[in-house]
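What follows is a group of structures, each given as structure tokens.
One chain, subunit A, appears in both complexes that follow, with subunit B as partner in the first and subunit C in the second.
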Partner chain A sequence: MKSNRLTRIIRCTLLLALMISAPVNADVVVIVSANCDATALSRREIINIFMGRYRFLPSGHAAKPYDLPTTDPRKAQFYLALTGKNISDIDAYWARLVLTGNASPPDEASSQEAMLDKIARNPWSIGYLDRSIIDNRVRVIFDPEH
Partner chain B sequence: MFGQWSQSILVRTTLVILGAVGLAGLIFIFLAAGVTASDSEDRAKIHLSQLLDTVESSVRAACYVNDRALAREIAVGLLKNNDVLSVKILASNLVLAQETHPGLNTRQVNRESARGIPIHRKIISPFDNTEIVGEIIVTPNRIEIESQSSQSVWFIVMLLGSQLLVIAAIVLPSVLYLVSRPIKKLSDTLHELDPASGDLLLPPTGHEHDEIGRLVSDINALTGRFLGSLHHEQAARETIENTEQALTESELRYRTIFESAGDAIFLIRDNIYIDCNDSTLELYGCQRSDIIGCTPYRYSPEYQPDGSLSSKLAEEKANAASAGETQLFDWEHCRLDGTCFSAEVRLKLIKLHQGTYLQAIVRDITTRKNTERMLANAKEEAEKTTQAKSAFLASMSHELRTPLNAIIGFAQMLDMGIPVPLALSQKQPVRHILSSGRHLLGLINEVLDLTRIEAGRMDISASTVAVTPLIENIIALVQPGAAERRINIQYSSHSEAKICADPVRVRQILLNLLSNAIKYNRDDGLVLVSCQEKNNVVNISISDTGSGIPKQQHVLLFQPFQRLGAEYSITEGTGIGLVICKKLTEAMNGRIGFESKEGIGSRFWVELPAATASHINVAPEIRTVDAPKNSQVHGIVLYVEDSPVNASVMEHIFSHLTEVQLIIAATAEAGLDIIHANPPDLVLMDINLPGMNGLDALLVIKSDPYTASIPVIAVSAAALPQDVKRGLEAGFSAYLTKPFEVTELITMVAKILGNDRRR
Partner chain C sequence: MVLDFDNVPPFPGIEAAGDILQTSDASTSVPGMKQTLNLIGNLLQTLCIAAPLLVSSLSPAWADEESDALTLHYFGTIGLARATSEHIQYVSDLSQPNGSSAGNWSAKPDSVLGMQANYAFSDQTEVVTQIVSRYRYNGTYRPEVMWAYAHFTAENGTEFRVGRLGTDFYMLADSRLIGYTNLTISPSLDFFGQLPLFHIDGADLSKTIQAGNGLLTGKVFAGYTGEKVPFGDANWNLGDSPMLGANIDYHQDDWSYRLGYAQMRMKHDWPVSDQLTALGFPAVIVEELSMNNKTSRYYSAGLIYDHGPIQLQWMANKVVQESLGYQNYYSSYVLAGYSMGNLTPFAGVSRSYTPSKQLNLGPDNPFQAGVDHVLDISHTNQTTWTMGMRWNFRRNMDVKAQLDCIRGKSDSTFLFRGNTLGWNGSTDVFSLAMDFAF
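So, the complex of A and B:
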């Protein structure tokens, strides 16, 4: 009980810290293909897709999420903004699930450009990028910072 | 057996300790079991909760993604823990995994599940704290928990059991060593102890200062006190027994005396006779019932011989006796038949615890009274006889002296050659008359002396007397007689000794002894006088060279009228000189004695007490005043004398004094007439006169101032010392006893008339 409260405080503090530090870092946003029929996605839907729980779009199509490489700081930034968890927690989460094989983490794009490319090409795919390098082939569907 | 054992401190201590520890242990075990059980439950819950904590993130992931495989894996992992009976993981409405303990069958699981309270935990989404994605239900394994709990309980039981054993192992020997054994030892010592002989209980070694030591000293103190009180009680009992015995004996003694006494004994209480003895009944001639209850004056005449009322006098006596003064008085009693008798009554107070009694001892003194009366009569008779004897002696003395006065007086005159000197052939017969007369006078004097001594009427004065002058004086007196027979008297001691005695009497004794020594000596003999002082006693001894006294006659010496054969010899003597000597010596606290050898001589000795410093009463020296010459003496002398012969003697004497005129009066009355008519210079007065006697005449002379200064000399044949004394007290200037020595008379007359002349 106590520890719960403590973790909550820590989390809030971290969230606050992120919110303050956000303008300094690059603005990571969730993108889909410009052809994608989905017009809007909630944070929960996005978490479900990325964390392997429910990988379907509102239209009923299976969604295909992509991750940036682990070395890219934007990955940690994205997950932190989206779930409020550190990348290590995310990794531990996947470690538990990967062994049983029922669920798996998103495929990895080798870079932002590759990510942009993959999203542009597949209308059911979903990913995240620095807002600065977005072009008209893709569409920003969710901004986790907000 | 057990009952006896259960008396032992050791056994009781053991039982109590075991019981108490066992009971405490049981309670403790139950408590511990309860605590342990609930503790195990709690611990199990915490354990399970902690287990759930460790798997929670995995469960969250599994529920989040509905991963059955992961859920089963988690459930199987949890079941590896023995505390877990079954695990169920749910995701929303979907059962992801349900696993039970592999060692149990379904029935057991169901039964245990019913007993155990399952732990439910909601599983929230890993990414959204508000979203519940599933639930995990864990059922604890009670069998396991209880087995652990019971293990703990058993451990405690074992622990307690060992503790009990350890305590018993320590306490029992301690009790045995510290309490049981010393007390047992003490008890044994106490049994062997003889407190009466003063033994003290010694505390066991090492217990001198603890409770056992105190117990020992308490026992000793108690024993001491007990013994003390025992002795006290014993002594008291003995005293009581002795007292009771003494009391009984005393009572018996009193009773015996009371009953066997010859005198009548009454016990009186509150003025009533309460008891009397058998002698009483005999004396009063009555029954006991006649006596008891009566007042003490019931058996008395109404009046006592002295005239007082019996009842009143009896009450007075009783009161005085009640005050503690024993009363002894004579009382007149009456018997029942009316006859009276005199009795001596002794009334004494007896104080007893229950009251005071008077004891009256009544003795019939009729016989004694009669004897007394007879004795008084006899005494009166004897006194009368004595008086008659004295009167007889006095009168004899007087009657014998009167003629002797004439005999000796005239003989002296003749001897002195008055009126004419005698012829040589006449001189010897006149001397014989004179000496015979003097011998007769001496005889009369000695008989009178003896009579007085025997009557105990000898006046002895005590004063200090120097022995040597006295002896020399006496020797000078007897010297002429001794010289006649050429007897040599020697006194060689010249002692300074002084004796305490009557000088006149000592002189009498020594004169007697010395006269005897000369009288019974042989011619040309020797008399030795010596004096020695030894041990405050002066011994004067007189030895002679006479014929001595035969032994068989020694006892007769000092007996009156024993002359030891001398009565048949020519030697004169009365036979009472030594008797008087002996009596006089003894009267002066001295002794007299003798030793004699027949044919050699005798030695008589007198022992008299030596004078000490306290005897300051020195005898006055007898001083002789030279009488004036007869020629110087002149005056008128009146001689009152009824006997013509004696008057004639006096006339012859005074005829020798030419300047003195002698007037004779035959009676006192005639004498007084002459005195009044023509006062003389001197009156010579006889005392036994017809009509007025000499003493009365003297009083008349002395009472008349005109004649009071005339000296009056008594010339009387009343020669007893009391006569002389009475005469001098009455006022006579001197007292001459008839027959007088002519020279003495002349000297006295000459002295008075000479003084008178000078005056």
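So, the complex of A and C:
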């Protein structure tokens, strides 16, 4: 009896550990407003915008990028897929630029829904979120996983 | 613009830590460990005391937590270094009067505490102030205004900054005090150690354009230096010296390249001139060796490769001194790191060298030995082998351990302090540090 309970506890613990440690595998895509005049952006252009190197769209308009909150695992997934760097390296990158006054990281949207609203409202904004929640106010312009 | 805190009362806690840390010179190696733990405690205490004081002194707007316009950042390094040689004092750069020696642990070379406030009036206009406490030329940790500038960005991406600016005429030079952004505990002694300048009061203008498949950035800057360095028992005022320069950066995918040039015309002479005059050296020799109104020219090149877990840096510089009393300086380093999760082992090698200038006064001239001694002051000829490990143990914080094996000639003394008879050019430096940046 005791042995069964112990086995159940161990199984539950292992399952919980797996759930905690399993990487998020959302289908994160880069989106722009449906009214944005950009038809395509390359990986290089998206890296330049999100990493603060050159924040202009091909049309010449200044791009306005948004990040998900640091606590959202999709942020780490997005930067890993886009740049190959883990979130600690991204943090160190931004610490260098912010603390030398050279650039600022993207403004933060408080949630995926807030991100969706911000992108939908501004034709020059650009963000990323799970493909499953996008609607017809925005469109996918890049898939960092491919 | 007078932004130095030398003439105002220090922040409590920071001065206390400075005094405590200063007394560590007298420590010996075994009881030194106990003192070292006390030092860490005092430094942490200083952090807790100083941060709110700095915040309240900087910005009453801190109370307005809902404001998006104001952002505050903190960074720091609690570092300990232990140099094995008893014949030199190991310092992180020439702005420090002493550091670690004879196997004693010292918090002086690497410990830094900083705070930065950014206030954005709009997407185009921002003001930035940064205050840093570190071990300085006068043997204290008295905070210094490192940066205080207004930053304007035009619609076309042209950027203009005016005020007190970081010196970035070497690649990464303006972030070298922010340990969390560096792979190593402190940047290469051979490359950055001879550069005690951290800011200028002036302006810079930069513009980035697309060029080929990459980005080309040009920057010009001009201003006045504002710092002092310890020099024997005296100080050498490097301030008020006009400086100007330009950089060209090219960035494509994982590669960044830079070419840089800067020049500085010394406003104030070094203490050597007065000493030579007092010793009866002829005025013509003193003038040849003086630094007053002499120009220093800095040429540099840099390359960074940053791809996924791989980081690679290479830089080289050449400093040409107009004065016959100060050696021309050549240095270079290469550093590589590879991230494996939260661990990043790194290794590198650096070299500094001054091809000795000669000033021959003729046979049997009684002043020749004195002249040779002056030329020896700025001589270096050494290689440093570096290896270490960085551990990002939590967001925005890391712990590092590093070993530097410095191997040079016995006359390679420029990058150290307090060299004594018996120095053979070699010392090992073991360093530990915890960095944070929020």
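Quick note on the criterion: the second predicted complex is superposed on the first by the 122 of 146 C-alpha atoms of A that agree within 3 Å, B and C clash if a C-alpha of one lies under 4 Å from a C-alpha of the other, contacts with A are read in each partner's own complex, and residues count from 1 in each chain.
Following the convention adopted for this analysis, contacts are C-beta pairs under 8 Å (C-beta built on N, C-alpha and C of every residue); 3 or more make two chains touch, one makes a residue touch a chain.
Being a predicted model, the structure only gives us computed values, none of them experimental.
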Both complexes share subunit A, so when I overlay them there, do subunit B and subunit C fit or clash?
clash
Looking at the overlay, what does A:98 touch: subunit B (first), subunit C (second), both, or neither?
second
A:85 in the overlay: touching subunit B, subunit C, both, or neither? Say first, second, both or neither.
both
Just to be sure I read the superposition right, which of the two partners does A:53 touch: subunit B = first, subunit C = second, or both, or neither?
both
Give one of first, second, both or neither to describe whether A:137 is in contact with subunit B, with subunit C, with both, or with none.
neither
One more residue to check, A:44. First (subunit B), second (subunit C), both or neither?
both
Between subunit B and subunit C, point out the one touching more subunit A residues.
C
Subunit C clash site on subunit B (candidates 27-35, 99-107 or 621-629):
99-107
Does any part of subunit A touch subunit B in one structure and subunit C in the other, and if so which residues?
44, 53, 83-85, 92-93, 96, 99-101
Seen from subunit A, its contact residues with subunit B in the complex are 8, 44, 47, 51-53, 83-85, 92-93, 96-97, 99-103
Touching subunit C in the complex: which residues of subunit A?
44, 48, 53-56, 62, 70, 83-89, 91-93, 95-96, 98-101, 104
Given the complex, residues on subunit C that touch subunit A span 73, 75, 114, 116, 118, 128, 130, 147, 149, 151, 155, 157, 161, 165-166, 168, 172, 174-175, 178, 180-181, 208, 210, 213, 215, 251, 253, 307-309, 339, 341-342, 392, 395-396, 398, 437
Subunit B residues within the subunit A interface of the complex:
57-58, 61-62, 64-70, 73, 126-129
